[in-house]
Amino acid sequence: MRLYEYEAKGLFRRHMLPVPNSVVVDENSLCELYKVIYPVVIKAQTFAGGRGKAGLVQFATQRGEAEEKIAGMLGKKHAGHTVDKVLVEAKVSVERELYLAVVVDRLEHRPMIIASQRGGMDIEEIARKEPDAILKYYLNPGADLHAFMARNIASGLGLSGVLLASGAHIINKLYDIFRGYDCKVAEINPLVICGGGTVYALDAKVDLDEDAMFRHPQLRELGIVARHEVGELTEREKIAKQAGIPYVDLDGDIGVFPGGAGFGIAAIDLIQHYGGRPANFMDSGGAPTQEKLRAMLSLLLDNPRVKAIFGARFGGISRCDDWAKAVVKYVVENRPQKPMIMRMAGNMEEQGRKILEQAKAENPELFSKIKVYAYDTPIEHVIEETIRAAQTQD
Amino acid sequence: MAIIVDKDIPTIVQGITGANASLHTRFMLQYGTKIVGGVTPGKSGQNVEGIPVYDTVQDCLAQHPEANVSSVWAPPRFAKDAILEAIEAGIKSIIVITERIPVHDMLYARHVAKSKGVMIIGGNTPGIISPGKALVGMLPKIAFQPGRIGTVARSGAVTYYIANSLNLADLGESTSVGLGGDPILGTNFEEILNLFDKDSETDAVVMAGEIGGVYEELAAPFISTMSKPVVAYITGKAAPQGKRLGHAGAIIEGSMGTAASKIDALEKNGAIIAETLSQIPALVKKALGGAR
Amino acid sequence: MRLYEYEAKGLFRRHMLPVPNSVVVDENSLCELYKVIYPVVIKAQTFAGGRGKAGLVQFATQRGEAEEKIAGMLGKKHAGHTVDKVLVEAKVSVERELYLAVVVDRLEHRPMIIASQRGGMDIEEIARKEPDAILKYYLNPGADLHAFMARNIASGLGLSGVLLASGAHIINKLYDIFRGYDCKVAEINPLVICGGGTVYALDAKVDLDEDAMFRHPQLRELGIVARHEVGELTEREKIAKQAGIPYVDLDGDIGVFPGGAGFGIAAIDLIQHYGGRPANFMDSGGAPTQEKLRAMLSLLLDNPRVKAIFGARFGGISRCDDWAKAVVKYVVENRPQKPMIMRMAGNMEEQGRKILEQAKAENPELFSKIKVYAYDTPIEHVIEETIRAAQTQD
Amino acid sequence: MAIIVDKDIPTIVQGITGANASLHTRFMLQYGTKIVGGVTPGKSGQNVEGIPVYDTVQDCLAQHPEANVSSVWAPPRFAKDAILEAIEAGIKSIIVITERIPVHDMLYARHVAKSKGVMIIGGNTPGIISPGKALVGMLPKIAFQPGRIGTVARSGAVTYYIANSLNLADLGESTSVGLGGDPILGTNFEEILNLFDKDSETDAVVMAGEIGGVYEELAAPFISTMSKPVVAYITGKAAPQGKRLGHAGAIIEGSMGTAASKIDALEKNGAIIAETLSQIPALVKKALGGAR
């Protein structure tokens, strides 16, 4: 879960990692601008790169100019995201720009510290242009970063004298944040050295492990809550999040009601492969409750864009009988008019099938648009039938 | 002999008193898996489906020293500790059903396991099945039948659909391994492909990957050295960027982890690419020269 | 540095390790007694064992009785220590007594957790009577105590059901305290299980590493400051502590002004061996300042009991010239009348000797009772001469 | 060849710019110790007595890869880090002058050192001298002269007085090792006795212990296996209970660490006990059969 620059810098400040003085403002809090000393840098808070080229990083030498430029940024769209906050930060005089990051290395399965004297560029760019200018330092999972290791890295960054100690301090603190907050990435680019030997984190990129948020309640104090890795949630995605359902809005017309996440991903591919357009990604998680299954169906059937539902349950940890029960209950209570073409197999399949058959016998009309295939029907057949049903609904 | 699990391998269940674990303990026993004990701290003295429950893995192994496989069903925040407990007690293969284990926790558990020569499968694996012999995890038995195709996939349901497709085409599985949907896995594709390549009961392998991470790309060079054909099915071609699709690991970050990059790496190294699930059995048969 | 029971329990309470409700009172704070619920146990706060036999642990069922018994304890001498505080603690109904400790094992050079189902006795006593009833668990220095390890130990203590979790919790917390506060010993004896499954640390023994106090400023908040390992400081010892000088009062008449600690210990032995009585132990530490050397001489020469000074400087990290300079300055300024018999050799000896000779030449009278031998005089000779000088002073 | 240090062994000084370290760097150089570099973080580019100063041990060893002995003079709170830095950089013998290093810090550094086969001497050692060859630490050269007696003691000054006594009796030292006065030591008596027993330049050993800890008792059984005589001098007979006497380790805790228990253990195992410093040379001579 990627943090905004201002959030990451808040975390840095909390842990004595030096950042320039700044305020975060939105359209209602421009009064806060009295707190900064000019000149300032104004940076739109958005995740996507290329802020500079899009005019989303600007300078101002006094308040009037700052307000004008902020007004120009707020509400702008950038890579699908509407700018609603800007970071207004004291401009510092930069002598050198360094690169520093701690990441989870997916190849080595270890934390890796990356340092380079070529700060300011993307690390991929440095890697391409000057691979030798990158210093990598691996640690075992759970290991301490001893002070001397941080000094070795600082020395490798060309720091000496008092800067050796400040650099090592920052490396230690960044690693503390990486470990202490379960980061996947904690990056400072650029780490700048200013006149007089002060050092600042001029930009900050922190990517948290959403699955470890439960042990960091202090993030909530900083106003940091779970969200997408990148970008904002749609209204439906927010509802799904509330209900604990991994859900992503897509722009098609076939509601996808799958079992697990892996087949959810496959289902989207298959629908496209056979010429259909999926309306969403969704995952029930292992062994969903009745409540959750009901919320999943609501998300799909309440979506006006959805014309037909493709459903699939291969019962593993999730049971067919639970699934069937939830479908029947939802249909009886909500009487949906959209066709639902589904397939059910696996654990507790027999019990599930009985539930469906009984419901159909009791309410043949209500279940007329609902089909539930079994083990011997290939899943692609079910998908193709759903696509046809959606087209017929037009 | 099947890879990793087998009919005669004594197995334990960590977190056995939980609702899912106890239900699947019943299914595993029905399937013939040799479960000798279960562990839930504070629940010693109880039993689940006739299997005695212990407070610690150590206590369990004191009574059942022959056990060397465990399945872990503990909640995510306790999964690391459960894995470490199993390692310390001497368990050699740990099948981690728990999903969404924090990345740093799994890095640590994996590091300890590797340093002690212990195999972790998962997290977020549906388990492993050697049809007709043993099932460790929660895979539905109906999806599988004995045969000579090895399968390995990140996703549970995809594992079932692949076996389902193979079975409908009169092929069966030697062993089906769920690698797991979490971003950090105890065992990667290459390690399982290697086991299948050496396995006398396996003729060909189906591997199924998905967006996110680099495990598929990392395995690609090994495929070119294998003696057996590999059919690869990669999902997530239609996935949007930067959004996690259910599995903690299933996210495209920048140019990394796209379906295209995975398919490209695998194809270059000799894997046969399947576009849909239903293509898989035909491609397998073709690779085996239509002999079966 | 041994903590009082009430201090150790304060630390426990701070870290969620359950202890019975209690108050600490001295003669000025008996009003605090309204806070406890009767019956109570009254325990005199002193380090030495055998409190029970000495009448320093008593029970009271109501306040009047408690006040009476407290009055009887305060001011009592026990093993050289005057009782000035008592811990008044709610009496709990004990079902089982366990033993639990984390210690630095000096043989294995590792932390060791010791657990036994035979709580209430000294661990040495358990070891003697029932060695098999002791469970030992070693950890590597700096290693985490994982939750499962604590459960294994709790299970080894015969705990199950809800007690397994409470026991494991306490083991984890005790290890956290051991690591977090640089303990040499953190012991709970007995750890008691009460009716209803509650668990308490009924006694608490914590021995801190004095050399690591610098990194535990939070101890000061608990009112815990550096002192002797056992017992209280004498007035002179307090002055020495203020000046950073390791100093222990003994009951003889020869002031010992040595170089390092090791020879300080040897000097006491040698003085006794030759029939003298040392007045103190003292250590200059490595490379003492002029200030410190001056304070050391004051401690000896201001002590009315001291009749003669035995001095020795073998210059290693401590320099002879510094030592000579301090002696000369002190003598010139304070004109002490007591004989000082000393020996000086080692680094910067030549320079030191010049300083002494010049001072003597300028003030022959003042230095008439001061002798400084050199490398070729055995130290025993110097000691014997000091003993004779002390006897002559009588 | 002398034990641990010698004329030709390249040595570095950690914390070299401190007042004591720089003074003793001069003395060591005057004595002939081959100091090749010094380390103080933030002070690179300076020099002390002509010796170049580096920011890190790693930087120092990049320029002087042959160095394999270091003396550590860092303040107590930084000593652990300095030792770990030396180990990681590849130094094989680390002489720790720093005194009063926290117990947990030293346990950790010692553990890492042992696991990597690195020797730590100290903390709170005056150093090591092989008279006429090399001096690492702060021992005063006047106290020592070349000879064939090995000495090992917890205390610095006691080391000097023993050598002083030996020299006044026309004996000299092969090597004198300060074991250190801190409670947790990197190297114990037994390890040094073992080196002396194997050393062709040593005929007899004088060991001096003191109250506190169990290092003396632990070494006792080894003495009975040695081919060379050991004269032992234990101080603290007149020490009060429960009070730390200067050295962090010098404290009698309960019945543990008394002079009597140490003397008893040593005597039982064949060590010759000296009551005073001046008895030592005579006892050594007697043990050597008056041959020297």
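First chain written, first letter: the chains are A, B, C and D, and each begins at residue 1.
Just so we're on the same page, contacts are C-beta pairs under 8 Å (C-beta built on N, C-alpha and C of every residue); 3 or more make two chains touch, one makes a residue touch a chain.
Here the structure is a predicted model, which is why all the values come from computation and not from measurement.
When the partners of subunit A are compared with those of subunit B, no chain appears in both lists. Between subunit A and subunit C, the centres computed from C-alpha atoms are 55 Å apart. Separating the CA-averaged centres of subunit C and subunit D is a span of 26 Å. Residues of subunit C in contact with at least two other chains: 142. If touching chains are joined by edges, the resulting network of the protein chains shown is one closed cycle, each chain touching exactly two neighbours. Going by the touch rule set out above, the chain pairs that meet are A-B, A-D, B-C, C-D.
Those residues of subunit C that touch subunit B in the complex are listed here as 146-149, 151-152, 155, 160-162, 164-165, 168.
Within the complex, the subunit C residues that touch subunit D are 104, 106-107, 109-111, 140-142, 179, 182, 184, 209-212, 214-215, 228-231, 246, 248, 250, 258-266, 268-273, 278, 281-283, 285-287, 312, 314-317, 319, 345-347, 349, 375-376, 378-380. Subunit D meets subunit C in the complex at residues 19-20, 23-24, 27, 76-77, 97, 99-105, 107-108, 110-111, 126, 138-140, 142-143, 153-158, 160-161, 164-165, 168, 181, 183-184, 210-211, 213-214, 218, 235-248, 250-251, 253, 259, 275-278.
Across the complex, subunit D meets subunit A through its residues 41-42, 44-45, 55-59, 78, 81-82, 84-85, 88.
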